[in-house]
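Data first, discussion second: the structure below is written as structure tokens.
Note that the chains take the letters A, B, C and D in the order they are written out, and that residue 1 is the start of every chain.
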Amino acid sequence: MHIGVLTGGGDCPGLNAVIRAIVRKGVSVYGHEFSGFRDGWRGPVEDDARPLGIEQVRGILPRGGTILGSSRTNPYKVEYGVEKIRETLERRNIESLIAIGGEDTLGVAKKLTDEGIPVVGVPKTIDNDLGATDYTFGFDTAVTVAVEAIDRLHTTAESHHRALVVEVMGRHAGWIALHSGLAGGANVILVPELPFSLDDVIKHVESRFATQHYSPILVVAEGAVPQEGAEVLKSGELDAFGHVRLGGIGQWLAERIEERTGKESRAVVLGHVQRGGSPTPFDRVLATRFGLHAIDAAHERDWGKMVALQGTDIVRVPIEEATRELKTVPLSRYAEAEVFFG
Amino acid sequence: MHIGVLTGGGDCPGLNAVIRAIVRKGVSVYGHEFSGFRDGWRGPVEDDARPLGIEQVRGILPRGGTILGSSRTNPYKVEYGVEKIRETLERRNIESLIAIGGEDTLGVAKKLTDEGIPVVGVPKTIDNDLGATDYTFGFDTAVTVAVEAIDRLHTTAESHHRALVVEVMGRHAGWIALHSGLAGGANVILVPELPFSLDDVIKHVESRFATQHYSPILVVAEGAVPQEGAEVLKSGELDAFGHVRLGGIGQWLAERIEERTGKESRAVVLGHVQRGGSPTPFDRVLATRFGLHAIDAAHERDWGKMVALQGTDIVRVPIEEATRELKTVPLSRYAEAEVFFG
Amino acid sequence: MHIGVLTGGGDCPGLNAVIRAIVRKGVSVYGHEFSGFRDGWRGPVEDDARPLGIEQVRGILPRGGTILGSSRTNPYKVEYGVEKIRETLERRNIESLIAIGGEDTLGVAKKLTDEGIPVVGVPKTIDNDLGATDYTFGFDTAVTVAVEAIDRLHTTAESHHRALVVEVMGRHAGWIALHSGLAGGANVILVPELPFSLDDVIKHVESRFATQHYSPILVVAEGAVPQEGAEVLKSGELDAFGHVRLGGIGQWLAERIEERTGKESRAVVLGHVQRGGSPTPFDRVLATRFGLHAIDAAHERDWGKMVALQGTDIVRVPIEEATRELKTVPLSRYAEAEVFFG
Amino acid sequence: MHIGVLTGGGDCPGLNAVIRAIVRKGVSVYGHEFSGFRDGWRGPVEDDARPLGIEQVRGILPRGGTILGSSRTNPYKVEYGVEKIRETLERRNIESLIAIGGEDTLGVAKKLTDEGIPVVGVPKTIDNDLGATDYTFGFDTAVTVAVEAIDRLHTTAESHHRALVVEVMGRHAGWIALHSGLAGGANVILVPELPFSLDDVIKHVESRFATQHYSPILVVAEGAVPQEGAEVLKSGELDAFGHVRLGGIGQWLAERIEERTGKESRAVVLGHVQRGGSPTPFDRVLATRFGLHAIDAAHERDWGKMVALQGTDIVRVPIEEATRELKTVPLSRYAEAEVFFG
């Protein structure tokens, strides 16, 4: 069988591990042939692909990013996008696509399958907010990068008796904040799922300063919002002067803490560092297993399915299960972390 | 309630994170009081303990080892061992023990509970071979240390066109070998569960050398054995001259490869480095959650139970479920990895 | 002899290693006794100190920050500051101070020595901009943190075909930018010493995008300034609305690149992460040797001197040699790096 | 000019950074052309080379090993070896060689230059034992790998109250042991330069165990020898049964400690992990600067010279200065470290 592979959406450590596993098993076990489409859905829309064999995937397992490139192109927003994909597949005699991506990419995959274009999905998001799978690859790496930073910041906070606010990724779900805050020993963790009370935060900060020996570290998801309803520009949004904002809620919070406690407070915005570079071993194993099971699904012509982690098993689920609703941090998990606040 | 905590068996990253979580939640949520017994079961047998409060657990989350010390003391092998534990608990008015340990420690915990001494268990093994839980903390750290080494060794193997055999921990179960081999891009992975054919290994090594650009890396669990039935001394066992053997099967295999392929081959034995040092974020989160749920179980006087990870949930299971039989690598998981051999 | 030790100015990895070496050698070789003054010059001014013995310095070698705390207190700006220090030393019978710090701390040390208060200096700055010493500890750690981030960002830049601007520390000297840019394979490096031409930068960025495979990474010291004379707010300064600015020149540059090339461009501001956490082995060795030689100087009552690295030797120089003028990046070193631009 | 480049001897992090710098500056600044000889001196002897341009050196800066391969071929031990090199250079119209290597490679370079074959040298040894240069690249990486292991082992030693002996590289010079021992907080450091007294070592080990809280870590260069004159097989040597020995002096010492103190003692042999993988930023900068200055020397036809680090400057010295005698650890540097013993 001739199979096309593409990676869509944001960069995520582990993409190359998925591609390698698909090709290694596809070629050596099933005897399939592969084309790598460039830059997500732009590839099949514009018929931009390159051969993808054992040689092309050598050595890519530990490398971040994606050798296929990525983009946010949506074929449903391109004129005749779906028809162009259909033509590309026919012209190249491609019998299946494997699409590795997040909510948007998988949403397109689902719609294309419904229209008769055969796609298998592999879930990808460093935010870990896709349903139907316990974890997505890239998340453990993002958390690890954040925790390395938090570990370093503890000594600065302590030596200078100041509060440090670490803003991590997570527009709509607080998984990175929750896990990196728990692992980094944060004194406050704020997530988008639960609007926070600034008064409570200040109380925790003050109680921490009161211990004398240690200074507070706060870990805040970029999508966290104050109950008080203050309008806070998000990192990456344009401000009134057309400038991209660096440091939204993290910066806002550091200013409030300094105002209200009189203690020097600083924000650190980790940004893109969280999504680049070599994946952790956990993510390499997960991504590799996703790839191995995705090629099985394509081989078995089990279109419209997505691979997913459930416990220690890789299973197949209908793509729509992953995208139906955002997997957010449940209250019970947040309550676990609250034990360590203050 | 006054609760005693102890850590038994081999060192494992995450022990301190468990202790900290137990104490933080126990003190701040339930108002319990804690004693930390020293050196595993030796502590309650010899009544050697120290107060364990918020102050004693500050800053220990990221630190490897255990602030309580450990030992392999088995109260059932000490004269009047169980009676001594009973007396210690009475003398100190301790109403519950939380025992953090592996097969041996948990086996003792189960027997003590059956005899009316109230114990809650927390599973611990870097080998990941305890039943009833998807993962144990320490395992991800051990795999991470092994993969860092394997990543480094690739460049040496390639530059010198030689085979490198990495011997990792795993006497009875090959989980560390399987995961670190998958994540490190090993060309052969050998586990105790499946006696290996030396001929097959040599074939894979030769096919790898034939690619020219890359040289073979083999990852071998210390408990792996050849089908051919050669008697191989294990790392750590005494040889005929009374010397502790460093490099059992790894060293044996490197010698066989050099003999049969004529290519220079070397063994690297990672040893104790795999079980020390700061836990990975994954292990810190898992260990912290285990601690939080263990203190819940003790608070609810749910003796004889052990906390366990199932999917993304922490649950309670009878201790004997964890120790009934070793959780070994299933054939299907090994078969996944074989795709990458050669 | 009774000796007082203090750490002043910004946090810097290696401070604890210096303190440990001073105390270990002072106690075991010379039989001296130590007091640790808290929070830099505030300690002797306010007579705030604690005993500092072998037990207090155990285990601190690999830890970032300073167990003594730090501050920016300047005794010459406190009423009767110098007199208060004199009284503290007399009251405690302290015969010598060892002051570990940067330009400000050492400047005070020099003046106090001139007024008869016996001080030995240890140079400290992550910026590496003190004269008379080849390197200061903390610098290698800061560069290492920056390079880890740059390594990660390469894959993001490549996968998304966008420019990434990494803003690193360095208000007045570009050493961190130069070394981390060289080691990270940056396509442009900008330092405060040489106002840059925006046109040239854009040219390099465009030539990099033209290679297709790789995307540009720019490393910019926070103190870099455009020749064009645009007024750029520095990171950490207050803007017109009283907000602390996060991302000064880095953010400005990313906006200009996006405007002029049409390619998506983003800034990453590493901030305080660069100055916290465990020191690299290089910094631990350097800091340890500085401590060993500083206690020798104090023992020999060689006041007014500072330890310094020259080649592989630790030597003593008059404190004023270090502070006379800022050690900036010479043109020849910058020219080396320019080979890799574009 | 057409220039040939080769890398000889053992693997060493930073080799690729040197090659990249030579080619980047040689092509873009001087307009030279390059051939990369394969596997050290085997390349020019057997006329085995490949074109080396900007494209071939892209992305190799952070990668360990050498893209050119290496070997221990000595042209003076190959029949007509020197004549064959001369013919290769003539056939390919190569006007200069740049040889990157250690004592052996540079020794050949010197002899070839004397016979009229134009060579420029770049010093390389992870052991840091070449004269005329303050440091060689690869050394800082080896020390960093060793210190990461030592940091991890501390927690294991402490939790189990046992002695751990870490055997690091260094047949003839103890630089890696000295620096990693200092940075890792070792309680004993043993180097080849100074035969050690086993009695003294045992004394230090016992005094450390006496502190209760901490357990001894000993760092031993593989070439360290006991004063008592016991014959100890070195790691990598063949034993009486023809087996390659893993763990020479380290293993021997662990056995002696266990015998004489009754405390469990284990050896860890770091082996090849020390010489593979991505170079530290320090090594990347040093290797890059060596490459930039080596191509300058070749461009200026300054044959028979080698680049070297002196302070913060890269200088040129006659090759024989580096190889005249081994740069060993001076007594004064060892004495610095002894302060921390016990």
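Assume a contact is a pair of C-beta atoms (placed from the backbone, for glycine too) under 8 Å apart; a residue touches a chain by one contact, two chains touch by 3 or more.
Labels paired with UniProt names: A, B, C, D = Pyrophosphate--fructose 6-phosphate 1-phosphotransferase.
Note that this is a predicted model, so its numbers are computed, not measured.
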| item | value |
| --- | --- |
| Farthest chain relative to chain A (centres taken as mean CA coordinates) | D |
| For chain B paired with chain D, centre-to-centre distance based on mean C-alpha positions, whole Å | 34 |
| Whole-Å separation of chain centres (CA-atom averages), chain A against chain B | 30 |
| Rounded Å distance between chain B and chain C, as computed from the means of their C-alpha atoms | 40 |
| Residues of chain A whose C-beta touches two or more other chains | 151, 278 |
| Chain pairs in mutual contact under the definition given at the outset | A-B, A-C, B-D, C-D |
| Chain B - residues contacting chain D, complex | 10-11, 13, 15, 63-66, 69-71, 145, 148-149, 151-156, 158-161, 164, 243-244, 246-247, 251, 254-255, 266-269, 271-273, 275-278 |
| Chain D residues touching chain C - in the complex, by the definition given at the top | 21, 24-25, 28-29, 58-59, 61-62, 134-135, 140, 143-144, 146-147, 151, 179-180, 182-185, 213-214, 278, 280-282, 284-285, 288-289, 292, 310-312, 336, 339-340 |
